[in-house]
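Everything on this sheet refers to the single structure shown next.
Order as written gives the chain letters A, B and C; numbering starts at 1 within each chain.
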């Protein structure tokens, strides 16, 4: 009797482990497949002309350079607003805030900001930046919208990176006569920098790939010129992909895949950089 | 001359733990005062009160009076930054800042606003010599501070404090993480430094206390049980509890 | 000692930091107030019965948002059915079973999925999944709620995996060792001890994953067919449907400011905002309860 029960338990485990392996495989195979497929079908479209020329014939020929530049502008614009504000907010929560109800409220606010659907950000950005403040459909409005959306990620990762720095450094620095900001500036922030940087890059990576927030705040499908100022609208890769794959008849499928590939490389590239920073920092840590 | 005059000092942490109860103590200048006793006695708390490092901890209530050079130490408007430059501390585990050796030693001066490279380097050398570390690290001052041994790191921490030219040096179990040779070096250092500094040490065992003390204070569960000159308190303690602890009946 | 100068510039920086700290509260409140300002008038423009009616046909003035709500729910529930087994299974696999080298491959892959822009997934959806599904299941069109559910499920998986894996990692090794010492197999330990110990964290992961699915726009918009109909037939899963998010995205560009349509779209935005608020507060409540419980156990 006993040997039969043991047999079942072990067999159950083998079955169970294989089930888990299967589930994990089903999860990752599509990812791998998708990335490889995009590379395979998109590579033929990639050429120097594709990356640097402007589109012709209603986007059906030529290059996608304005969309690439536009995405770069939007990413930089998002960084300009969200990084200083987000890092500062993270510093506040990790180093200055007392453990009271107000701080808890701040945390709840951040959690909620993180959960707001991207299209609601687009709605808010449209209403407040484009209409109410009359900035119009522009890089500025889109960047501000994307910045608010990216803020929670940057705040959370900054806070986590700061908290990971050993408290003994703070105590020692204070005992040597440093003020709180001196301690942060000289010791804590530099030590947390890789973690903060990783979070910033991951946040910007998401902002670069988002469509809904820029739909009515800054994205345009066809512009005769590159944007000349912050108040101009711009083309952008995510929006471009959306339009050419759903609203342009006769769009060569190769160009569609090529554009998707460019965005994919951009996003994955940032991911890779973030991962490299993280692993390098872990190796060189002095604590 | 009295460096610190402590009158009826009581301190409670916010989780309710009562750390110090009605402590009355005088710390004499230019001497080694040793705070000894079993764990939880309040020695660390007292040390951190003397340089207001307790401000960083969750302290619920402090009462009593502490005078440092006749200045009210517990005054909330006291310039604690200037205080900490005059009253330095070395902790039980060496904590090198994630900087070079040179930057570690000059840290306090740089935070105080000193920019002149020549003056900083001179202060670094002087402090390292005083801490008997110069001969061992003079050729690698720009190496990371984690590159030296534990005993050397602890002397580095001491040099860090000395660079600020303080009046008082507090040490909280400074040799508990060190081997006997490094321990002996540091004990010799402490006894030699008394011409210029007031030293307050919480040693991690009675034997060390007896070796280096000029004055001894026995702490038990937040209370100062007995205080006296070395020969008296270690050889002929007045209180039975002191005697029991010294003889190893509890600890 | 130049302490005075340092103190003054330090005061400015500290002030900026404090303001930045409160900014998140300001922003959430601003978003909420603005949505209310532009969305509540919908209750005045359209009577409640129509608003929650089942016809969404703005051109003729029908603003029934009910099909949109059910559309979102249908797709989200479908996504949950896909994402929960796959996500939790993968999380358990990575945390408890997988050898180191497999972990090194799986985790970056999951991170890649997390970083994939939703428009890219939507693109693959319409170019690959939709035609395939139409052929496979012999449907009139591959643009269905089912397609959307599968896409959304994939999008939600990384959230469930990373937060779930964190939760499992937080379970102390001593729990597992105690169970194994009592003669349990690793499989029994996982489901009898480890997963129950991490259940609040896993629940949090699932809720945040569902929240993500609920709020997703582009991928859903591109593959669900955008037909605002009530899913009242038995095979509704395999018919086109439209979510709240897709509605806002596709119609916002064409509305006249201040019109009833404009207000109703903002009203939908309020519904989405409140839904995500509820999900997130619930999730953080669950995770803080777990933290408190863990603190009690470990202290």
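Heads up, the rule we're going with is that a contact is a pair of C-beta atoms (placed from the backbone, for glycine too) under 8 Å apart; a residue touches a chain by one contact, two chains touch by 3 or more.
Predicted model, so just to flag it, every value in this text is computed and none were measured.
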Inset, instruction - Find me the chain with the mean Cα position closest to the mean of all the protein Cα atoms on display. - result: A
Legend entry - Interface with the most contact pairs, given as the two chains involved: A-C
Legend entry - Centre-of-Cα separation between subunit B and subunit A, whole angstrom: 48
Inset, instruction - Starting from the mean Cα coordinates of subunit A and subunit C, work out the distance between those two points in Å. - result: 16
Legend entry - Interchain centroid distance [CA atoms averaged], subunit B/subunit C, Å: 54
Inset, instruction - Among the residues of subunit B, pick out those that touch two or more other chains and give their numbers. - result: 81-82, 112
Legend entry - Per-residue overlap in subunit C, given as positions that touch at least 2 other chains: 6
Legend entry - Two or more partner chains touched - positions in subunit A: 179, 182
Legend entry - Residues of subunit C defined as touching subunit A within the complex: 6-7, 10, 13-14, 16-18, 20-25, 27-28, 30-31, 34-35, 38, 85-87, 89-90, 92-94, 97-98, 106, 108-113, 115-124, 126-128, 154, 157, 161, 185-188, 190, 208, 211, 214-218, 222, 245, 248-249, 252-253, 257, 265-266, 269, 272-273, 276-277, 279-281, 283-284
Legend entry - Parts of subunit B lying in touch with subunit A, wherever the complex brings them together: 51, 53, 56, 81-82, 84-85, 88-89, 91, 93, 95, 97-99, 107-108, 111-112, 144, 146, 157, 160-161, 164
Inset, instruction - Over in the complex, which subunit A residues touch subunit C? Could you list them? - result: 9-10, 12-13, 16-17, 19-21, 23-24, 26-28, 30-32, 34-35, 37-38, 84-86, 88-89, 91-93, 96-97, 105-120, 122-124, 126-128, 131-132, 148, 151-152, 155, 179-182, 202, 205-206, 208-212, 215-216, 238-239, 241-242, 245-246, 253, 256, 260, 263-264, 267-268, 270-271, 275
Legend entry - subunit B partner contacts - residues on subunit A that touch it in the complex: 168-179, 182, 186-187, 190-191, 286-287
